[in-house]
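Going in written order, the chains are labelled A, B, C and D, and every chain counts its residues from 1.
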Amino acid sequence: MSIRGFASDNNSGISPEVLKKIEEVNRGHVVGYGDDKYTETAVDLIKKNFGTGAIPFFVFTGTAANVLGIASSIRPFHSVFCAETSHIHVDECGAPERFAGCKLIPIETPDGKIKPDMLSKHMVGFNFEHHSQPGILSISQVSEMGTAYTINEIKDLADFAHRYGLLLHMDGARLSNAVVALGTGFKEITADAGVDILSFGGTKNGLMAAESVIFFREELADEFKYIRKQGMQLSSKMRYIAAQFIAFFENDLWKRNAIAANSMAHILYLAVKDIPEIKITQKVEANGVFIILPKHIIPALQKEFFFYPWNEETGEVRWMTSWDTTEEDIRRFVKVLKELVRA
Amino acid sequence: MSIRGFASDNNSGISPEVLKKIEEVNRGHVVGYGDDKYTETAVDLIKKNFGTGAIPFFVFTGTAANVLGIASSIRPFHSVFCAETSHIHVDECGAPERFAGCKLIPIETPDGKIKPDMLSKHMVGFNFEHHSQPGILSISQVSEMGTAYTINEIKDLADFAHRYGLLLHMDGARLSNAVVALGTGFKEITADAGVDILSFGGTKNGLMAAESVIFFREELADEFKYIRKQGMQLSSKMRYIAAQFIAFFENDLWKRNAIAANSMAHILYLAVKDIPEIKITQKVEANGVFIILPKHIIPALQKEFFFYPWNEETGEVRWMTSWDTTEEDIRRFVKVLKELVRA
Amino acid sequence: MSIRGFASDNNSGISPEVLKKIEEVNRGHVVGYGDDKYTETAVDLIKKNFGTGAIPFFVFTGTAANVLGIASSIRPFHSVFCAETSHIHVDECGAPERFAGCKLIPIETPDGKIKPDMLSKHMVGFNFEHHSQPGILSISQVSEMGTAYTINEIKDLADFAHRYGLLLHMDGARLSNAVVALGTGFKEITADAGVDILSFGGTKNGLMAAESVIFFREELADEFKYIRKQGMQLSSKMRYIAAQFIAFFENDLWKRNAIAANSMAHILYLAVKDIPEIKITQKVEANGVFIILPKHIIPALQKEFFFYPWNEETGEVRWMTSWDTTEEDIRRFVKVLKELVRA
Amino acid sequence: MSIRGFASDNNSGISPEVLKKIEEVNRGHVVGYGDDKYTETAVDLIKKNFGTGAIPFFVFTGTAANVLGIASSIRPFHSVFCAETSHIHVDECGAPERFAGCKLIPIETPDGKIKPDMLSKHMVGFNFEHHSQPGILSISQVSEMGTAYTINEIKDLADFAHRYGLLLHMDGARLSNAVVALGTGFKEITADAGVDILSFGGTKNGLMAAESVIFFREELADEFKYIRKQGMQLSSKMRYIAAQFIAFFENDLWKRNAIAANSMAHILYLAVKDIPEIKITQKVEANGVFIILPKHIIPALQKEFFFYPWNEETGEVRWMTSWDTTEEDIRRFVKVLKELVRA
């Protein structure tokens, strides 16, 4: 098996700038747990990019960012609406239920994106103690199907959520890819669009293990420090997470990496879209390509380049590109693919 | 305030060997979540040091190692006996109760070390559904008071625990310091002494953010991977935690660092023990010095070198040394201390 | 509003035999918490009806029976498959998620009944730590749509569940109604059909507050007493729950009550089925009638006889009959209904 | 073994007035879940006795009243201070930890009663995210050692708690006994004394299974209905719990029962206090007598009249009297006791 593949954007390594910054902050003693100047700088950079109302907290994993952000904003008798394909519903082993104690209500979508009209029928049972009370609408940007919400789509969802008293949570594990894809800015697509709680990720875009929860409402952030600690996510040597985010924003590393990943997905898309035996199932808007392959070639192709099946019934698979994917990777991959298809 | 102090062994930085190893593993793609050759190497090194029966899992924080190790080994109706001063009871913001759902029963000790006779009166209520059922005995090695359990003391506790059907958990956030202090090996002090579940930490001894749960009973480890994921502690880019542990064991970095920290505590102890105005309250066996200071000098001393109060009533404070503490740090600190005492 | 209606089978009172038995056991002192002769008798009666392998525990509410039965049988990283309309998913305010920490996966059904082919696509991700691990298949007998599973349907589901390593849980809040509807026995429809964990309810069928969890596998029952206590459901004066179950089985009260309720639903069905303006949406197999009414008449009808809407979009409503529903109740109700429809 | 004993006030039966009231409300249909006139009456009676600011909710067990009252008032990162002997710490199998997710901090007391000076050393770590944040002070009235807090003692504790931002919770499983012992009223000893959350019990004083959570601050009660439902304690046929509380207040049943129980304890106390071989260890203020017996006679005495050991090391045992204890019961018991002592 090739050491390079299209399984996930977290199979790639770390951008050299990140390692350099980690080395740079590795000087002498600083107070632990975030009370240091590097963390202060990282917080400032986030405020600069997301607006001064942004209140960030750093954690180690995207699952933790999602679960702790949700747990701090609602009580266990609330429910969270999310796409049936969402990471919080499918890929966190029930962490939201266990830690937040709440109910997740999956919404079927054709493309990973929730629309207000999919939610209407669920806006019932308010004040009725037998039902979990609607508490949060959670969307993923980029969605797990590689599609991106436009700013207006987010605003519509925020309006809808707020009209019914729900909070809007965004799982932004791939937010940088969305910002680049839409040609917009972090603030425009989050704070300005009505997002209340954001999981903002770096790990899938060239960092080592650096994620954050960003609140856009002060009252939600008040007690979060206790929840992060009780949630086992308070880093003692916080400066090393901070360093990663500093590198992320300095010289627009986040943007360069996201542009690279998105471009590679586009190139991959162009290289395969006309192969008659395959079918591209989703718009390629960021760094993922969803595709139905002839089932019989999947094992052989996976043997050369590892990737995950998405739907074993239909033969749909997912190919993710990364900040370090090269055109050569794609050429080699498409070559093998074509050979297998035509064999 | 000096950038160097005696607040905590996690205010220090990362050993250069660790950064170098992180850079070394930062080559190309590897499968995420621990299915990579670096993680395999790190696991092998742990087995080499702790015995082939050791089954390790990597996590980011010491709190997570403790809580997840405990949560996976008992059910919520069980209780955990621990020293009143223990990290799980005092310094984890109730994380064990929240995630494991269990009861912690604090045991008063003079020196942070539990003895079997302190437990006897609690070995009641078995099979009585009104009482939390005794499930785990948790000890800290080095203890939070800077003292170390001898191998025989651990064996006695293990025998006691097992006789009553309890498991023995060890919080080994500073296990390296204990191994060095006792002149023994990892295996002798854990697996061979009857420990069932170990939190083995690296962060306080020169790593960046690398901790582990090590099970010495296969049946306890079986389902742990789900608990780690649900506990929000599965690293996607696992190779970077693995790299830290590889560096830890290569060329005995863990030992060199622990010897350095322990020696500095001893030098600090020697430098202050004869100052008549102060009182050393605990044996200095590893890298912590506990001391009662004249209350009025504490703020001034903290202003120069940050450290934590331990008992505000008595004026007891805690000084921790680290792998990178220097004799010069101690000289400067003791100089200020003496000036303040005599002022 | 009439004091009699069709809202729920728990709006009715208690059978006189039950009160009489409560009075009968109200003599002198007995040991609390279930260690008394009345509880022993109730347990024996359950074993007589459900087979000697049945291990019953008494609780106060149906929600508790479901949640505690589930919580004791799986771990939080497991998932529970249930009908989208099921009580555990819709009407327990997220109690299973909060207390068991697990994920509920709702299955869409046309009639409240799950079929094996609806589950097949979910039988994936075993051993994959990112996914909640399939743990329990939960079915409701009678279903929340008033339909009953045949014995063969249950056996097929049990086979399916066991083949994949899942347990079969039955929410039997209305099990008596199902037994009567199918002309079978308790044992045939539960233990013999492969049910592993049963919530067996009395409250909806003439008891005051008496529910039970019955395990059909000894290993599942072992630690349940602690879970019931920790779940806040251990009755101190247990004899009064026991008395209710004794009355339930003596002279076949359960059967007489269930026959009465089912018959009344059938009479109601016959009385309305030919009204052209309404549409009966589900088979009337037990004591519930599901019906689409002209939306404009619903408020007026509810004003006279309270009942719950089922689907506000379609105008579907639910009418439940009870052990004490009379033909006169139905006559008066249908009279008003017809007047409103024709107005 | 005699069918009468001194094990617990819940080994006795139900007052006849209670059964009569249950029969009385057993007429026709009423809406379920508490939306009925009987529940309204019971709520009014509680407001009449505890003040118009009292907001009561009914539940089935005392454990549930404690746990749900606590869970609704704090968040999981808070701690609860309680006597080391308290029911929530010792006799609820860890239910508070599991359901509320919080930490319990046991306070050693000589007589089951907490004094402000026992709490002072714990009033630290506010705002420090490593520590569980002080949230609730929980006291038991009557205490588990049979002693009662005076009104002034409660006021002092309330002042202390409120000064530090804690809430005052009272476990009033035996509140009626305290009211009678102190010659005061429910309101004076709760609302007027600064209690914020009260568990008010009836089961130990002649009811069948009727407990309540009473909030004295509106903001604490707002969301409680969801927590009761999610806590599996919402009764569908609520009128039957309501009936018990109606009977409790009508004709002062609560008072007659409590006076009877307290008097019997006093008579028992007088009958044994001069036996030289035994030692009464606590003031007899309500319906419990704590006593050290010669260890060798305990099994023989328990064989005749069941009661619980309290401290197996010292030979301390607990005798509880009940509303239906008779002088004849005491005479027979003391006779056997004296024979055993002198044997």
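Simple rule for what comes next: a contact is a pair of C-beta atoms (placed from the backbone, for glycine too) under 8 Å apart; a residue touches a chain by one contact, two chains touch by 3 or more.
Everything numeric here is computed off the predicted structure, so don't read it as measured data.
Note: the chain lying farthest from chain C is B, by mean C-alpha position. Interface comparison, C-D versus B-C: the pair with the greater number of contacting C-beta pairs is C-D. With each centre defined as the average position of its C-alpha atoms, the distance from chain B to chain D rounds to 41 Å. Work out the mean CA point of chain B and of chain C, and you get 50 Å between them. Remark: chain C and chain D have CA centroids separated by 33 Å (rounded to whole angstrom).
Shared interface positions of chain A, defined as residues touching 2 or more other chains, are 76-77, 92-94, 98, 129-130, 133, 226, 229-230, 234. The part of chain B that touches chain C in the complex is made up of residues 33, 75-77, 129-130, 133, 223, 225-230, 234.
Taken in their complex, chain A has these residues touching chain B: 3-5, 7-8, 10-14, 19, 22-23, 26-32, 60-64, 67-68, 92-95, 98-99, 203-204, 208-209, 226, 229-237, 240-241, 306, 322, 324. Residue ranges of chain A in contact with chain C, taken from their complex: 76-79, 90-94, 97-98, 101-104, 106, 121, 124, 129-133, 312-313.
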